[in-house]
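Once you scroll down, you'll see the structures, which are given as structure tokens.
Both complexes shown next keep subunit A, but they swap its partner, so subunit B is in the first and subunit C is in the second.
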Partner chain A sequence: MTDLALDPLGLLVVIPLLGALAAFAWPRGATGLSLLVGLANLAVAAALAVKVATVGPAHHALGGWGAPLGIDLAADGLSVLMLLMTAVIGLLVSFTAAAAFAATPGEDDAAARRRACFPPLWLLLLTGLNALFLSRDVFNLYVTLEIVALASVGLAVLSGTRAALEAGLRYLVASLLGSLLFLLGVGLIYSAYGRLDLDGLAALAAPAPVASAALVAMLAGLALKSALFPLHFWLPAAHANATAPASALLSALVVKGALYVALRLFTEVFAPADPLALLVGLLGAAAVLWGSLEALRAERLKLLVAWSTVAQIGLIFVAFALSGTIGSAAAWQGAVLLMLAHAIAKAAMFLAAGRIAEAAGHDLIARLDRATVRPGLALFAFGLATISLIGLPPSAGFVGKWLLMEGALTAGGWAWLAVALFGTALTAAYLARPLAAFLRFDRVRRPLADEYAWRLSDLPPLALALMAVAFGLVATQTLDLLAIGSPLGIAP
Partner chain B sequence: MTASSLLPLAILLTSLGVAPLIFLLREESARLRTALNLAAAVLKVALVAWLSWRVAEGAVYEVRLAFLPGLDLVLQADPLAVLFVALSSVLWLITTIYSVGYLERGDHRSRFFGFFSLCVAATVGVAMAGNLFTFLVFYELLTLATYPLVVHRGTAEALRAGRIYLAYTLGGGLVLLLGTLWLWTLTGTTDFVPRGIVGDLVADHRTALTILFVVLIGGLGVKAALVPLHAWLPIAMVAPAPVSALLHAVAVVKAGAFGIMRVIYEVFGIDTAMAMGLTQPLAALAAVTIIYGSLRALTQDDLKRRLAFSTVSQVSYITLGVALGSPIAAIGALAHLIHQGLMKITMFMCAGNLAEGLGVKKVSQCAGVGRRMPGTMIAFTAAALAMIGAPPLAGFVSKWYLAAGGIGQGDLWVIALLMGSSLLNAAYFLPILHKAWFDDPAGAPATPGRPRIGWMLTAPPLATAALVLAAGLMANAPFSPLGWTRFIVAIEYID
Partner chain C sequence: MTTAAIYAAAGILLVGIGLYRLVTTGDLLRRVVALNVASGGTGAVLVAAAWRAPPGPTDPVPHALVITGIVVVVSTTAVALALIRRLHDEEEPK
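Take a look at the complex of A and B:
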């Protein structure tokens, strides 16, 4: 335990885990504790990032046992980026959550339960995600995916409404099914090769049919968890009916966990057959189209934002179609940046949407233009996040899309290029709907002073949105960090 | 990096930096907002004056920031950039004064002036972009900054117009994005270099380059309102008058025309573009746009719509002059970039005054307005005569050089085109002037009594009208638009 306490890799798992237990045991102090743990977690993640950037990939064998027997924790550039993303977004979301669930006089039991349950669930989720990004072994990945799933389902039903419970049940079933499929793949691998660590598996020669079968099973499970079309059925309801901070975490971070595992397995362990890559890319393209069309039709703001997740995740899966081509390195870089971009912008957007719905008293897009109170800062944050989700320069989304399209163009994949461009146009079309509603004033007969109402808890979404938009200015540094340890086959 | 090499950055920041401050101001702090706006605008004009002086002396400014490996954000100040920056900074100052007067009692002024500043920052960025990538960044920012201005009134009609505006401009932006990316993968750079960067590739990639040219011009042609991509422009007329003025004179349509200039001169190079046979179809398209815009303007009764179709027509003079390929015509095109801006902004401010002061929004209501608002109508008359091309006003100078360029090339159809266009200009502007000055007001005026229009609304169009006159009269002075364009053409045409 001593070595564990000193190593940042170990700390990233231990701190949130202890925090989750403490928050569970001591509900009254849970909110403050979650903020403290979030801060500590960010500090450790930043320290790890500095270490990885200066020294190179970090590695830690728990208890001194290395692979293939023991549990290895390792961090390369990709892991560090994901850890930082989780730490920053998680911390900012828990600030808004602290304000949203704050005690009010005369509150009902449900409100008290939300306040008590959010911190431990969030910290458990953080434990799972941190461990996931540090794992180098398919069984540990399975375990961490399960932890993440349990915490997520808890977060999804936190609001306690009937719709949220129904959606949460479907989410639970989908998530369990996904885990089982993943476990099936793990079992196939273990029976064939007798080992589970990623590096060992990658070093094995000639992919056997059983490896392909295992990859298909695992990818199917991950596609279910990351809501790749047509396995997205659970996502819109689950994300749209959760409370805003929970939606932000689910959409920004949880989905990325499964996506991250898919990226790792696809690029570093197996050399997938072309038809599989093509299939994943096609499903991604279908998701872009379907998610966008549903977002165009969505009547509620949060539902629109949730459908947008389906479309945006689809675009990231399009990068899989370019694996093995000369454009693959750029495409993978693009995929990672799109993951970051979506996480930051979508967290901002869900938090802002929650605030807007609260101010207007509902989140029906068609009636938002009648709202007399317009929370200025939240709207501004929503608008800024829109810029990044559409992919306009110099935002994170732009950099990601640019790299993905560069990969498609150099590989001669004109069809994928067209998907990215068309998806961008559709994103602009559906995100313009809520924004236009808030710029309309001829249905309001009231003094407009209320428009500029804002409060302190509007700052986290604003900070996230600003980060997403200004991200392009640190794109070079991000790509440098990503290349450390050559994850996804990206050469430094 | 010396202090003075940061001058382009400082010019950008005068408007980019002031925007967030204005957003944060309370709605009631009108004085502080006006002071901030004017201070920034005056500072910008001063910095630009200094910049032009230094550039004329041969100073070179460039600021680079690495964005992606091999892809930089570049701000630079070549003479072409200075031309456009000078136009935008001077007209920003004038339009700011006008807007303060125009929106005196309006709602959402902090929002308006914040986006107004962002819009000018984007225009300045477009002007000083040192490569196509940087150009794209600011081109998109311009779309985003102008959308809230177009829908400023917040009515259903304004939102509908805004939707159409967004669809066109974001679509054009996407096409330009594709073109930029493609150019980058083909050449490994997107830098603007006099005489172009694709010359070596023509032998191997002729077809790809031809398609690339169409893609780039297509993306830029939306904002430049080339037929058939012009439909958004007349619809965007629902915007408040100062916004229309800025959109038509400096910001949006000019960004498109300016981009076409950069692509032809500094991405392809005029010689390469002509050798590949790309410029003749573009010149033909510009000619069609010139005539089409004028014909449509003839039948519009709504004053602002008539002006909008006139813009469609007039902006294409710039494209025409560039696409003709002759250096003389190029001088006309570049000078017209400035001249059209001065003339059109005058007319839109006047149209705004007529609507505000008298409730006159249609040409048919214009009878006798000259006597009721003499200052405004004198400015309008000067600008309209200049548009028609009456010497010695600014418009005459541009048309003269365009025609001379056409003759020099042996393209005599250009003469016919310019004469036809001038006749059409006269046909849609002179009736307004006649009505305004010589007709008696028939029936009851839309708003009886004296117009309540302050000096802040009357002085700006008079000032720009004076500039229209000066640009024509003193066309040969060293820092006149014409003098400066000769300087630019020497760079783009002579090694």
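Take a look at the complex of A and C:
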């Protein structure tokens, strides 16, 4: 226990877990507790990042039992980036949640329930995600995926509306099915190799038919959880009907958890056959098209943002098609940067969309240009996030897409280049719809001066959006950090 | 065909049956039951992975995995049932 208390890897799991339990047991102080735990978590994640950047990859055998019998926690550059992303976005979203769910006189039971339930669910989600990014064992990954899934379903149904409950139930079934397929793969791996730790598997994994079957089952499960076309059916309704802070967490972080596991398995454990990599890439390309087209058709702002997640995740999956080629290192770097960029921009966008819907009283895109109250800062944050999602310089989205396209060019994959470019044009097209509505003033009749309302809860989306735009300026440092421990076959 | 292979094949068959029902039914409760059937199949595959030639003891690791899997399925089923009940209550207000 003493070594656990001092080790940042253990702390990253223990602090949010104890925080979640305390927040559940003490609802009155839950909001404050969630902010406190979020800050502590960010401090530990930052300390770990410094340690990894200076000393090298960190490693901790829980209880002194090493792999293969015990459970190992480890952090390399990729884990650290994911942990930092979760810590920063989570903290800012908790601030918004604290403001959005604050007690008001004469509130109904549902509002009180949202305030009491958000902090423990979010902290449980943080526990699951932190453990996920630190795990080096496929069964442990299964358990963390399941913790993440349960917490996410709770967050998705927090608004308590009928649509949210239906979407949440569909999400739960899809997610549980994904976990079952993953567990089936774990069982097949164990029967083939007799061990479950990633490092041991990487050393052993001579291609066996059972291993291919295991990889297919696990990838199918992860595709379901990360909403890869055509397994995305649960995502738009679940993300669009949740409350704004919950949507931000689900879209920015939860989807990335499954994507992270897919990245690890693909690059470290298996040498996947070419047809499988190609299939994942093609599905990603289909997701770019389908998600964008649906976003172009969406009537509600939050639904548009949710469909955009399907398209953007598809673009990240395109990098899988370049694995094993000479362009793979650049493509993986691009994929990781796109994951970070999408997480930051999408969190900003969902929080801003929530504020806009709250101020306008609805989120129908066609009627937004008639809104008499315009939350200026939230509109501005949405616009900034748009820059990063489209991939204009100097945003992180730009650098990520650039690296992905460089990988495609090096490998001679012209078709993938076309997918990325066409996807960019489509992104600009569907995001122009809400922007046009924001910028159109001629239908507003009341004087504008007193209608630019802003609140404290505008600041987190604004901060996230600024981060998304400026993140490209520190892309070199980010890539240096990513290369530590050579995850994804990237040479330092 | 060894005993383990028979159990593993039966497990995969169960997963198939569960998946089939899951995609063909629209009823929420039936879907949860179908998921439980599929998870039973996954458990059977893991148990089969524990099999060793008779003189030696069976491998305890997959058993531990199955128990964890069962705990997970029981808790997710509970959440699913709670959500279904909530939806049902919304349909018929007392």
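Here, the second predicted complex is superposed on the first by the 489 of 492 C-alpha atoms of A that agree within 3 Å, B and C clash if a C-alpha of one lies under 4 Å from a C-alpha of the other, contacts with A are read in each partner's own complex, and residues count from 1 in each chain.
FYI, contacts are C-beta pairs under 8 Å (C-beta built on N, C-alpha and C of every residue); 3 or more make two chains touch, one makes a residue touch a chain.
Computed from a prediction, not measured in an experiment: that's the story for all the values here.
Enquirer: Between subunit B (first) and subunit C (second), which, if any, makes contact with A:139: first, second, both or neither?
Expert: Only subunit C; A:139 stays clear of subunit B.
Enquirer: Is A:157 in contact with subunit B, with subunit C, with both, or with neither (first, second, both, neither)?
Expert: After superposition on chain A, A:157 lies in contact with subunit C alone.
Enquirer: Does the superposition put A:387 against subunit B (first), subunit C (second), both, or neither?
Expert: first
Enquirer: On the A-aligned overlay, A:177 touches which partner chain: subunit B = first, subunit C = second, or both, or neither?
Expert: In the superposed model, A:177 contacts subunit C only, not subunit B.
Enquirer: Of the two partner chains, subunit B (first) and subunit C (second), which one does A:186 touch, if any: first, second, both, or neither?
Expert: After superposing on A, A:186 lies in contact with subunit C but is clear of subunit B.
Enquirer: One more residue to check, A:472. First (subunit B), second (subunit C), both or neither?
Expert: So A:472 only meets subunit B here.
Enquirer: Over in the complex, which subunit C residues touch subunit A? Could you list them?
Expert: Interface residues on the subunit C side: 8, 15, 19, 22, 28, 31-32, 35, 38-39, 42, 45-46, 48-49, 59, 61-62, 65, 68-69, 72-73, 75-76, 79-80, 83-84, 86-87, 90.
Enquirer: Would you pull the subunit B residues touching subunit A in the complex into a rising list?
Expert: 23, 26-27, 65-69, 73, 107-108, 136-137, 140-141, 144, 148, 151, 153-156, 159, 162-163, 166-167, 170-171, 173-174, 177-178, 181-182, 184-185
Enquirer: Note which residues of subunit A are touching subunit C in the complex, please.
Expert: Listed in rising order, the residues of subunit A that touch subunit C are 139, 143, 146, 149-150, 153-154, 157, 162, 165-166, 168-169, 172-173, 176-177, 179-180, 183-184, 186-188, 190-191, 194, 196.
Enquirer: Which residues of subunit A touch subunit B in the complex?
Expert: 380, 387, 390, 392-394, 399, 402-403, 405-406, 409-410, 417, 421, 424-425, 428-429, 432, 436, 439-442, 448-449, 451-452, 472-473, 475-476, 479
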